[in-house]
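Encoded as structure tokens, here's the structure I'll be asking about.
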Amino acid sequence: MGMKSDIELIKDGKRLDGRGVNDLRPITIKAGVLERADGSCYVEWGGNKVLAAVYGPQECLPKHIASPHRAVLTYRYNMAPFSVEDRKRPGPDRRSIEISKISKEALERVVLLEKFPNTMIKVFVEILQADAGTRCAALTAASVALADAGIPMRDLVTACAAGKIGGEIVLDLGKKEDNFGEADVPVAILPHTKEIVLMQMDGQLTPEEYRKALDLSIDGCTKVYELQKKALRERYVEGVD
Amino acid sequence: MGMKSDIELIKDGKRLDGRGVNDLRPITIKAGVLERADGSCYVEWGGNKVLAAVYGPQECLPKHIASPHRAVLTYRYNMAPFSVEDRKRPGPDRRSIEISKISKEALERVVLLEKFPNTMIKVFVEILQADAGTRCAALTAASVALADAGIPMRDLVTACAAGKIGGEIVLDLGKKEDNFGEADVPVAILPHTKEIVLMQMDGQLTPEEYRKALDLSIDGCTKVYELQKKALRERYVEGVD
Amino acid sequence: MGMKSDIELIKDGKRLDGRGVNDLRPITIKAGVLERADGSCYVEWGGNKVLAAVYGPQECLPKHIASPHRAVLTYRYNMAPFSVEDRKRPGPDRRSIEISKISKEALERVVLLEKFPNTMIKVFVEILQADAGTRCAALTAASVALADAGIPMRDLVTACAAGKIGGEIVLDLGKKEDNFGEADVPVAILPHTKEIVLMQMDGQLTPEEYRKALDLSIDGCTKVYELQKKALRERYVEGVD
Amino acid sequence: MAESIAWEIKSDYIHSLAQKGIRQDNRAMDEYRPIEVIPNYIPRALGSALVRLGATQVLAGVSMLVGQPYPDSPNAGVLMTGCELVPLASPTFEPGPPDENSIELARVVDRGIRESKAIDFEKLCITEGEEVWMVMLDLHVLDYDGNLFDAAELASTTALWNTRIPKYEDGQIIREEAKEKLPISEKPIECTFAKIGNTIMVDPALEEEKALDARVTFATTDKILCAGQKGGSGSFTREEIDYALDMAFKKGKELRKLVKVI
Amino acid sequence: MAESIAWEIKSDYIHSLAQKGIRQDNRAMDEYRPIEVIPNYIPRALGSALVRLGATQVLAGVSMLVGQPYPDSPNAGVLMTGCELVPLASPTFEPGPPDENSIELARVVDRGIRESKAIDFEKLCITEGEEVWMVMLDLHVLDYDGNLFDAAELASTTALWNTRIPKYEDGQIIREEAKEKLPISEKPIECTFAKIGNTIMVDPALEEEKALDARVTFATTDKILCAGQKGGSGSFTREEIDYALDMAFKKGKELRKLVKVI
Amino acid sequence: MAESIAWEIKSDYIHSLAQKGIRQDNRAMDEYRPIEVIPNYIPRALGSALVRLGATQVLAGVSMLVGQPYPDSPNAGVLMTGCELVPLASPTFEPGPPDENSIELARVVDRGIRESKAIDFEKLCITEGEEVWMVMLDLHVLDYDGNLFDAAELASTTALWNTRIPKYEDGQIIREEAKEKLPISEKPIECTFAKIGNTIMVDPALEEEKALDARVTFATTDKILCAGQKGGSGSFTREEIDYALDMAFKKGKELRKLVKVI
């Protein structure tokens, strides 16, 4: 956020890539793309390429973290070294650990963990190519991978960000908009109840702008949800072929 | 020890901060200063600010280090990053690990570990501001925190250093005396029996000088012991209020 | 391999140290050189000085890696910091980990692991001075140390390398031959059956050259085997003295 | 961690109280515990502050190093925020490298300060592209009785407002001559809300944290929201977020008065 | 790891099939699974390729940094090969630092490329003794269904052949202007053979890998052998090695055709 | 570690012997085990020595690097002492980073050498404030049968006295031309005493170490005490310390004769 630049991020309601303020980038979602994982999903979202895999429910290791009341859910967000311009050193950094934590908490709201006491459900997301908005793309993919793995859920989790660039509130920031924009508000909701399960904000917004961004990101989620459903439908049809 | 300097550390029997050769720096000890710990103690000793906490006796984890004959005692000496001029990187360094080891061994002499087989007693000391003599201040605080936690002990452990500056044996070196002085002898004793439970020495001393420093540090310990008792008495009185 | 240099590594069939193409460097092997280990061996091989120790069969820790069918074998190849010109930082590097893995696999072929289910046999090798060919010297020493520990084996493992320097296939590369030569083929065999249990190759060889190098290294192993037997015989004689 | 029966019972109790609009310590839902702020608690550090929030104690300390700027902002100083949840402060804190909780804490505190644009980083440039001041902000939690976010942000803002920059001459940092103040203009404050059942309450104490369904934190300056973070396995409605946002500005104004500058 | 009964039964079955000259998927002993090579799979990376070998998927990506040369080759660029067996790809992969398997994989792939002299490292020198290009080759395994060596080498060779070098000006790497190709001349290919009982088969699938007695890999260019690696607890006869070597050259020629350059 | 019954029985036995003034190997209380010192055991290292003390074997090796001096002593070389208790040497040593025992050993050995002022660090300055020699002293324990402190100090002092400084030209270290001796003047020796019951004995063997109540080490040169370290869960009386101190000077003189310079 907030790096200085002479770039005019928005002009006559059009953004650098030609989108309007309420437009998402092109999104493709495909479920069931990996052999070994119990469930998987591939998401392309603008320049983001994200792969999610789910393993479990399975034996909880190490045992001392197991719960007799519910499954333990783990979430690992990881960036491939070549996913960003400056090579990312392998292994979790502080940003990845924070994203993993809040994404896990978002999923805990929907996965029926109490159905699988003493077990573990593991979600892994790999960012293969990073544009802006990887945490939303990752969580969106993870949620489809969980469904693909047949894990019972209250609802899907759907994520999308809104932000502020050039003084306007817009949907789904791209890379340059993220670097040079004024604020970013990634949000994840349950599409049916509109409950907010993930929310972060950084940058500078008045309370009114924040409310507008929140509303816009929830709208965005609703559109992304349709693509999630479509991917699962295609997977199901493919599955019975 | 032994850094070169033109500073005259002692002149007409007076040291840089006006102390005589046998004088301690000002010391304040307060027991029971933390909510969560089972026992705690805060010590200000010259420019040192030290906080000690005790947890236990409690379940010994990992289990394989437990003993069926006695409690396992752990000691963690840690410096806050801002406690020294050049920021200390977080996490234990080699010096901290050595200090922790010998301090633990000193306390093992007094804590009635055999009363609590299969358990663990954990001592944590944080150096919030470091002058010289932090290991002695830390061990002095730890011993009070153990008493505050109600852990049965043979005696308190009391620590104090003596050293050599400007050719003379003096009590309780300050920061500059430690940097530019000739020798340092930190010592911990049991006040009742005068048993020596911790002793280190570095620098250059003749055997006679070493003996003199040892005697002086034992004298210092006796004075510090009075302040430890006072802190525990105040804590007790406060406790029954 | 393959560093550039004006050094003529071979001239009139003689190598830098005067050896012919099929000659080993001087090798000394001594079994039973350590007090604490269950079995041990010291090997000098050219400028290599290598010490191997064996512990076990003993309780397998951590327990979850134990097998009810056979002993677990571990192998740790380690270089002392002063063993190479540029001080080696302590701890395993990637090269050491790879060497340890393939050496362990070589020994698994001969040790009668199935005789000791649920246990662990640990092999440690320290490179005290490194010339070229340390992995072969290490594995040769490890095999004698296992025999010295009385661990039942199908056969010894014997290792030796061949390589290409100055256009010719030669036995047992020395340091400069390794740095400036064209290829290196370390091999380990079971002397009785000539089975190949370790083989690596790097550099550039035609298929014919590779076959020649493989044959030559197997010949070398046969010579090294005689020295292994001699060391064990001497140890036995010494043992009954 | 094995779940403790005791915590579960306490959690049920706190939920049932919340349903009746009561907190275990009888605070109002929008009431903070008593707060004490001690600037310069570590006088030899370049900046520091201790905050006591109920029994929670957080110490923030500032060190200043000279380092290279980031390639993409060659004329700007750097802020790095670290956090150690030292095991002295709680039976649940383990020694070792920062875990997800201490990383989240450090990063949320850091964002509050950074995004408020409180620090004028360009004034921390020594030589463009080569040397800049690195503001090392270290959070040291001394006693953990809940709501570390708000205590840590308050301690950090206070520590930074009381930070002096050392003299820098011939490649040497001279800490004894640290007279210049850190260039700082805003006082970002974080306010954290717990959702327990359908009740939203500010400044959750330890037992409330253990019992909460969801948590939301907003960092504000007088008129601007500069950071937000939702946590916990539960969810918020749109209305609950609205309520917390407004309350964060209101309580922020109160807490901001506690940032004393000596 | 506790040995799984299921794997043991499957292993016995694969051994008994091998004795009859059959593989579980009815492949010939010298037959690879279907191979798909997608160059530039990560278009924003300087070089990349995805290889699908049966259900195995390996993604290789190339980053270029500027760094110091090694003291003993002051005018040569540097190749560094890393490998992450990310837990997404297999239930047996654990998060954490590289284990012996991922280290062996990275090192064998690296040797194949390095020793083939495919890359002209001297052309990667920027200023002798001071600055050289560092070719960072990262292997990211996405789906592990056996024979990572061959898939990873094929992905790496393809990624490197499609790698562009960024512009470097005034100490800045300008990735947007990456037009020059990496100087590369050979296409090293690795072929891996499993020995199961007395049968040698190429391209072991996962179940075959779990059942194998010994494994041997050869990296070849058209006429030259440039790396070899034996693995596994079993052994090879001299004749078996000979057979594998000849087959490695033969299959190598076939696989080399799949290295597409865009 | 589970306490072994065998060690407890042995410990009781050693205590009862000590009460009668006897040691298990019939040594006098002030008698060392046989000592062998082999200078230049690793001829290719710049300095090295192997010490055998009974069955204990410690190898010290010296490497020399060029590095930056500490800011507070810009014209002085640097000594760094590391220690690996490699698992080859004892069933109780674990692979992995140095534990508290190896750290204590390295630091006590280091203090003995450093505080004796044996090494003239100012002669190790190459360019003030920029480049100095770094003396890397590495202790490698090969066989652990008790009293590593004394064996390691003796090996270190001998290794350093036999250390040559490489030639340094145009930023290159030329190890082949290492003719100059390390500037060293004193021969610090450490003597370690075990207290078992009320008996003080020098040079504890392994079983005595396991049985000891307390341990004290003094590092001395001819007339000067330069380091001291008490260890163990027991305590010393003032008189016991006095006795050990005098004995450390006496035995130090004997051991010093073993420091051979080739």
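Note that the chains are named A, B, C, D, E and F in the order they appear, and that numbering of residues resets to 1 at the start of each chain.
As a convention for this text, a contact is a pair of C-beta atoms (placed from the backbone, for glycine too) under 8 Å apart; a residue touches a chain by one contact, two chains touch by 3 or more.
Everything numeric here is computed off the predicted structure, so don't read it as measured data.
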Subject >> Least step count from subunit A to subunit D, where 1 means the two chains touch >> reply: 1
Subject >> Shared interface partners, meaning chains that touch subunit C and subunit D >> reply: none
**OP:** Tell me which chain's centre, taken as the mean of its C-alpha atoms, is farthest from subunit B.
**Re:** E
Original post:
Which chain has its C-alpha centroid at the greatest distance from the C-alpha centroid of subunit A?
Top reply: F
**OP:** Just give me the whole-number Å value for how far the CA centre of subunit B lies from that of subunit F.
**Re:** 26
Original post:
When the C-alpha atoms of subunit C and subunit F are each averaged to a single point, how far apart are the two points in Å?
Top reply: 31
Original post:
Measuring from the mean C-alpha position of subunit D to the mean C-alpha position of subunit F, what distance in angstrom results?
Top reply: 47
**OP:** Would you give the residues of subunit E that are in contact with at least 2 other chains, written as numbers and ranges?
**Re:** 98
Subject >> Per-residue overlap in subunit A, given as positions that touch at least 2 other chains >> reply: none
**OP:** Could you classify the connectivity of these chains, where an edge means two chains touch, as line, ring, star, complete or other?
**Re:** ring
Subject >> Successive chains around the closed ring, taking subunit C as origin and subunit E next >> reply: C, E, A, D, B, F
Subject >> Complex contacts: residues of subunit C adjacent to subunit E >> reply: 1-3, 64-65, 67-69, 94-95, 97-98, 100-102, 105, 108-109, 185, 190, 193-207, 210-211, 214, 218
Subject >> Residues of subunit F defined as touching subunit C within the complex >> reply: 41-46, 48, 55, 57, 59, 61-63, 65, 82, 84, 86-91, 95, 97-98, 136, 138, 140, 142-145, 175
**OP:** State the interface residues of subunit F toward subunit B in the complex, per the touch definition above.
**Re:** 1-3, 72-73, 98, 100-101, 103-104, 106-107, 111, 115-117, 216, 218, 223-238, 241-242, 245-246, 249
Original post:
Which of the residues in subunit A end up touching subunit E in this complex?
Top reply: 34-37, 47, 49, 51-53, 55, 58, 76, 78, 80-83, 85-87, 90-92, 122, 124-126, 128-129
